[in-house]
Amino acid sequence: MARFIKTKKEFIGSSPDGMTFHGERKSEHVRISVMDYDKDNLTETEVGSIAETLKYAETNTTTWLNIDGLHDAQIMKEISEGFNLSPLIISDILETNSRPKIHEYNDCIYISVKMLQYNEKKHHSTSENLVMIIKKNILISFQERVGDVFNPVRERLRSNRKRFRTAGTDYLAYALLDTIIDNYIYIISLLGEKIENLDKILIDKANDGMLQEISEYKGEIIYMSKIIKPCRELITSLEHIDSDLVHESMQVHLKGLRSNVELANETVEDYREILSDLLSVFHTVMSDKLNDILKTLTIFSVIFIPITFIVGVYGTNFDFMPVLHWRYGYLAMWIMMIVIAISMVIHFKRKKWL
Amino acid sequence: MARFIKTKKEFIGSSPDGMTFHGERKSEHVRISVMDYDKDNLTETEVGSIAETLKYAETNTTTWLNIDGLHDAQIMKEISEGFNLSPLIISDILETNSRPKIHEYNDCIYISVKMLQYNEKKHHSTSENLVMIIKKNILISFQERVGDVFNPVRERLRSNRKRFRTAGTDYLAYALLDTIIDNYIYIISLLGEKIENLDKILIDKANDGMLQEISEYKGEIIYMSKIIKPCRELITSLEHIDSDLVHESMQVHLKGLRSNVELANETVEDYREILSDLLSVFHTVMSDKLNDILKTLTIFSVIFIPITFIVGVYGTNFDFMPVLHWRYGYLAMWIMMIVIAISMVIHFKRKKWL
Amino acid sequence: MARFIKTKKEFIGSSPDGMTFHGERKSEHVRISVMDYDKDNLTETEVGSIAETLKYAETNTTTWLNIDGLHDAQIMKEISEGFNLSPLIISDILETNSRPKIHEYNDCIYISVKMLQYNEKKHHSTSENLVMIIKKNILISFQERVGDVFNPVRERLRSNRKRFRTAGTDYLAYALLDTIIDNYIYIISLLGEKIENLDKILIDKANDGMLQEISEYKGEIIYMSKIIKPCRELITSLEHIDSDLVHESMQVHLKGLRSNVELANETVEDYREILSDLLSVFHTVMSDKLNDILKTLTIFSVIFIPITFIVGVYGTNFDFMPVLHWRYGYLAMWIMMIVIAISMVIHFKRKKWL
Amino acid sequence: MARFIKTKKEFIGSSPDGMTFHGERKSEHVRISVMDYDKDNLTETEVGSIAETLKYAETNTTTWLNIDGLHDAQIMKEISEGFNLSPLIISDILETNSRPKIHEYNDCIYISVKMLQYNEKKHHSTSENLVMIIKKNILISFQERVGDVFNPVRERLRSNRKRFRTAGTDYLAYALLDTIIDNYIYIISLLGEKIENLDKILIDKANDGMLQEISEYKGEIIYMSKIIKPCRELITSLEHIDSDLVHESMQVHLKGLRSNVELANETVEDYREILSDLLSVFHTVMSDKLNDILKTLTIFSVIFIPITFIVGVYGTNFDFMPVLHWRYGYLAMWIMMIVIAISMVIHFKRKKWL
Amino acid sequence: MARFIKTKKEFIGSSPDGMTFHGERKSEHVRISVMDYDKDNLTETEVGSIAETLKYAETNTTTWLNIDGLHDAQIMKEISEGFNLSPLIISDILETNSRPKIHEYNDCIYISVKMLQYNEKKHHSTSENLVMIIKKNILISFQERVGDVFNPVRERLRSNRKRFRTAGTDYLAYALLDTIIDNYIYIISLLGEKIENLDKILIDKANDGMLQEISEYKGEIIYMSKIIKPCRELITSLEHIDSDLVHESMQVHLKGLRSNVELANETVEDYREILSDLLSVFHTVMSDKLNDILKTLTIFSVIFIPITFIVGVYGTNFDFMPVLHWRYGYLAMWIMMIVIAISMVIHFKRKKWL
């Protein structure tokens, strides 16, 4: 399957409000977890059905409802009905291969982004589509599988930070987006470290494997760019959104977020250019290296050519070659050959070919 | 004929309201099919003349009139008169090599796009110009030949989906455009899979045929880009159109459409860059591969050069060469040669040239 | 003289309202032709002096006054006075190396574009500066030499097309521009056909001449781009012009014109990229081709190296080489050499070097 | 010193209104010349001090005060006081390495551009910073050294051109800018001629010196681009300036100026791309040329390899080689060798390697 | 650690108002220095605690409070409380790896830029994050370590420049920014000098080390570009800021600043392109150089091939080779070989291969 874009023939032209999951099923069970909090209290539970969560929507407390796994059509239907989300929204949530986007509805804001997660053990990052539905007192997030990058946010909620606990769902959404973008930057910086290391050693220690490395990093960087660019548009839209759901006080946070995502984007562009240069330098270095070998070997051959010719001359069978009968003829031939060889070496050294 | 642009000398400067078909005739007969529907009923017929279709325009039901084949001037004239379309519009419909565009007239909206269709059996895609005329109760679509990608739309109409059946011609037009763009994405994803596979195996298994492949894919990608870019402009125009024919409720659908077409466009740009890199990597890999051959062969030659020189020396006809008369002379020569050869091999191995 | 930009030292800083012709003189005589028409009548004459044409400006009929040749200062002066055109306008007309542009004056619109004309016999296109002055009842066009691409327009006028005959000078100007842009597209499509053909055969049949071809096409394409880009700006300006001279009804025609010029522009950009790729592919193909030759030849040499060494060994003059005296020694040497040669060929075949 | 940007450590962070000259001193004496004119009279003098020029500022005539040389702090101080120019403006005038810019002050407009001057004898162009201060009745221009490109303007003033003499300082400024841009175009066209000539002969007559040429032209073109781009911004600003100092009637002239500077800019971009292509073509041509040499030589070697092997065979000392004792053995060997050589030549000719 | 982007895993998703320093600790002690001035007086002190500085904020004099070192949380807390700066601002100050940005708060303006400092002794430049908080009567600057580029500003303050002393904190901020940008330009010009020198000698004196140089300069230039681009946005924002803290009279200074930063930015882009060209030229030059060696050597070999063949012929042991028994046979062979060698040399000279 192509990594950059995925689609299946059977869903072409399907209804925009179909509630069937198109994507790859990434988890076994659907996990539903709730964090409900206000200034003083924090409830953290894992529930078995959507019905148990509906009560949270009616209280004045802020609720974060997190759904891990999208393949259960029944749960999706309950969410749609329970939280008054149109089938169109549900259909969008299920389309995990879509482009990151934001859409304002009457009573909610829809945000979808790609969440990147770096696996410290396996040394590679995985991507997952994340959807947030921001409503007045509740934020519903949809993930493709269990496991995310939001533990720092959970910790901050648990540690009774006044400001966080009293801020609404908009601040929660910001905190989640901020964590996602921090993870982008973290992954870029890990990749950047590898690229800059490669840059440092490339000229002196180029070897065939590096072509593979350069090529892989380029693929990673293009992929990062594909994720980050729409994210930048998204945050700009969020800044300019005119909705009661986003308070005026969020502006300064959103501005910081945009600054971060622009940093990420510019850095990705810089690495893209650096990798193009690396490919070009690699090509130059590899051909120089090989040419050095060929040069040395060719010079080696050239020294032997005239002296091999000389022994050929003395191997001819002419009757009248007085030197052959001279006592020191053989010795003289050797001297001549050594003189020729040495003067050629000196000549090449002078021309800096050796 | 050039694939990227086509024109014929004889039509240069011809009247912008001429009703002659300029293009290549792609089908034998003109097929006229009608789908007429409202909430409760659906009529699906194939008719022989335009006259039979005029009645549908006067009812309150929504009608989709589809014309396959553009070369019958008589039919075009009847459409022009029957549905009150100016000769200018007909002339535009017949210009199948034009750029995708949208134009708002007093009582209709004109949309032309390229329809791509993937042939599963022949493993290649064909392109066709599609024109839609959106009027109040009727949508007329013009195709160059029989066969299209709209079967999913027909299925949804037949299966009595309430929302589809009650929505007007604008929703029908959206559904058709959506299907077309889904097909773009499908074809890009098929192409993308091939490109990404090529990327994976290029470094290890490069062979001459891949140059052909890269070059072909590049051509395909540029062609896709040529089709998609104006399509993006078109949908943006459609979003901002101020016409009674497009209801407010279409906004959310059009926004989704634009997101899809942007996804398609960005992915095409990414593949363009990846293919440029592939070409560069291919060049590097092929020259490395060949240089490896040359290196091994040159080293091979170099080992034989000094030992061939030695046998030359002992082939000279000097009278005074005592070693020739020594009993173990011949053996000694062999030992010397073997020592030289082995030490050269060791030397090259140490320098990592072997 | 540079093709992309031309200027003469002696005209630097000259007055912007000088009435001297700066350009290359491209025709002998100045030809003045008139087409005067209304719904019912069409007069077509060739006159000897500007004085004879002044009467047409006063009637209600539409007049197309065409001047072929710019070097006659007297005629220019008469036009300036007769039709009330300021010296600035005349000076602009005479500056044939300027960038295509549009300028609105009080009582006229000034449009200059490059007219490309393909010579079917000589298989190349020539460029000429064309200026149109659009006034209320008269359109004056200035060409550098006799011969243009406007015969289809003249034919349409002669054939008593009602709409054309009753439309004003704005429609005439549109028809002329449309013909010019149709010619751009025609020339691009001819060039495109050559480029796409080259693309198809390049990998299999690359030869040295193709480098010349690619280089020439690139030059042509850059030149086309230079002509078309300002033309696109010009038509956008014309669309947004707020002048009584351009009727509201022209909008739909101008929109079609812009769509065409954008098609031309995008196609030129695509060919530009394709040609860059072709250059890169050509380089890869040519070096592959040559390397193949070198590879085969080197392998050929390598096979002979060890067997030539062997005959050298048996040419040494050692006294004690029993094999020389053996009856089948010579035969044995041949067998050994053949075995070595064949095993090397097999080895190379296995490694796919042959 | 870097050509593209120059600065000195000791002036970093210096006051923005310091009246010390930072640049390179390009002339010995400061020359002050005055042209004072109205419809009827023209006074042209060279004065020794600023005091003598102050009277011109009070008359109704238009005055052009030209200062050649910036290093005399006393003169600068007098100008600042005499013409009421703030130290900030003087400081800007003295900063000759700044980017071309325009700034509107209360009672004057400040314009700085780079003036390029082509030296016909030395075949290279020199650059100089030019500042114009446009006031109501006086235009003050500051040049780094004696000698400029403005003689055509002076000639037009002297020749009593009514329109020029009666127009104000804005027209004078326009005339100066026009002359400067005409010189840009002239220098680009000279450079362009060289580049296009190089393009024509590159493929057939490539030699090592051309790399130097391409590289030099590229440097020139980047330098031109650096000068022209801000100039384009400057003229656009001038067009949109809302100042009594620029009359409405200047619009048409400024539009022409912008068209010229855009022509210059686009042409420079085109040459930039052409030069990039030339570098690529040069690389391809040079390696082709060399490879041709290597090919011919390698083929030459290959023909001699088998026949040298044959003479080696007949040089072996086996006792039983009947052919050696055959009367026509030697002749037969020659025939065999000639046959082999000829058939190899034929084979290579067939494969088009020769 | 990657140079282009740095982040630590443990701070991902941390609170945006945390007051902990994330960066690398670059100095031992925190140094707090104060310059307090008005028209007549200037006080310059170094204090031990923030408490001592609070009094300055209440006077009408302008105060510049400079903090070197960010790691002391206690000091940061005191600043936050003493000068009424929200934790958010402090948190931003401590994030030294952020993108240069400007933010307007109710009673202050936050500006962060990168300060580059060239070390004359070590011949390299170091980067440091600088934050300025502009309040009504006080400007607080935060640096990562002791030592900055602001000595010229301090000198100007000390030398009792009336205008500087009477201008407010906005002028002080401008003077600091101006000095920083002057330093950018200075460092670019040093780098530019090296690049232009390299350009001049590259074709004639290319050696392997230059690849390293080109690659390093490219890295430096990309890094400069990364710093300067957001700086340009920042200054544009500052120009358009609508705040009482920035007086109208600053416009002209800010415009000059923007012109400088644009000059820096354009120059960096030009060097980027020049370096790309240099890499390409380097590749061409190096391969030409090596090919020259190979050419000469191959020609050398080729001359010896036929004459070595000839001596081989006369080394055969045929019984009937009359020439072997001829008195001048040996001499004749030498003459023949010399004739062949000379004619080959002449032939190659004619073909310009030598």
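We just call them A, B, C, D and E in the order they show up, numbering each chain from 1.
Keep in mind that, in the parts below, a contact is a pair of C-beta atoms (placed from the backbone, for glycine too) under 8 Å apart; a residue touches a chain by one contact, two chains touch by 3 or more.
Just so it is clear, the structure is predicted and the values come from calculations on it, not from any experiment.
Novice: Can you work out the whole-Å distance between the CA centroids of chain B and chain C?
Specialist: So the centre of chain B lies 26 Å away from the centre of chain C.
Novice: Measuring centre to centre with CA averages, how many angstrom lie between chain B and chain E?
Specialist: 42
Novice: For chain A, give me the residues that contact two or more of the other chains.
Specialist: 280, 283, 287, 294, 298, 301, 308, 312, 315-317, 321
Novice: Based on which chains are in contact, what kind of graph results: line, ring, star, complete or other?
Specialist: ring
Novice: List the ring in order: which chains come, beginning at chain C and going next to chain D?
Specialist: Moving from chain C on to chain D and continuing, the chains are C, D, E, A, B.
Novice: Of all residues in chain C, which touch chain B in the complex?
Specialist: It is residues 149-153, 156, 161, 163-164, 175, 178-179, 182-183, 185-186, 188-190, 192-193, 195-196, 199, 202-203, 252-253, 255-256, 259-260, 262-264, 266-267, 270-271, 273-274, 277, 280-281, 283-285, 287-288, 291, 294-295, 298-299, 301-302, 305-306, 308-309, 312-313, 315-321, 353 of chain C that touch chain B.
Novice: Please output the residues of chain B touching chain C within their complex, sorted ascending.
Specialist: Residues 1-7, 9, 11-17, 88, 92, 98-99, 101, 103, 105, 208, 211-212, 215, 218-219, 222, 225-226, 229-230, 276, 279-280, 282-283, 286-287, 290, 293-294, 297-298, 300-301, 304, 307-308, 311-312, 314-317, 321, 323-325, 327-330, 333.
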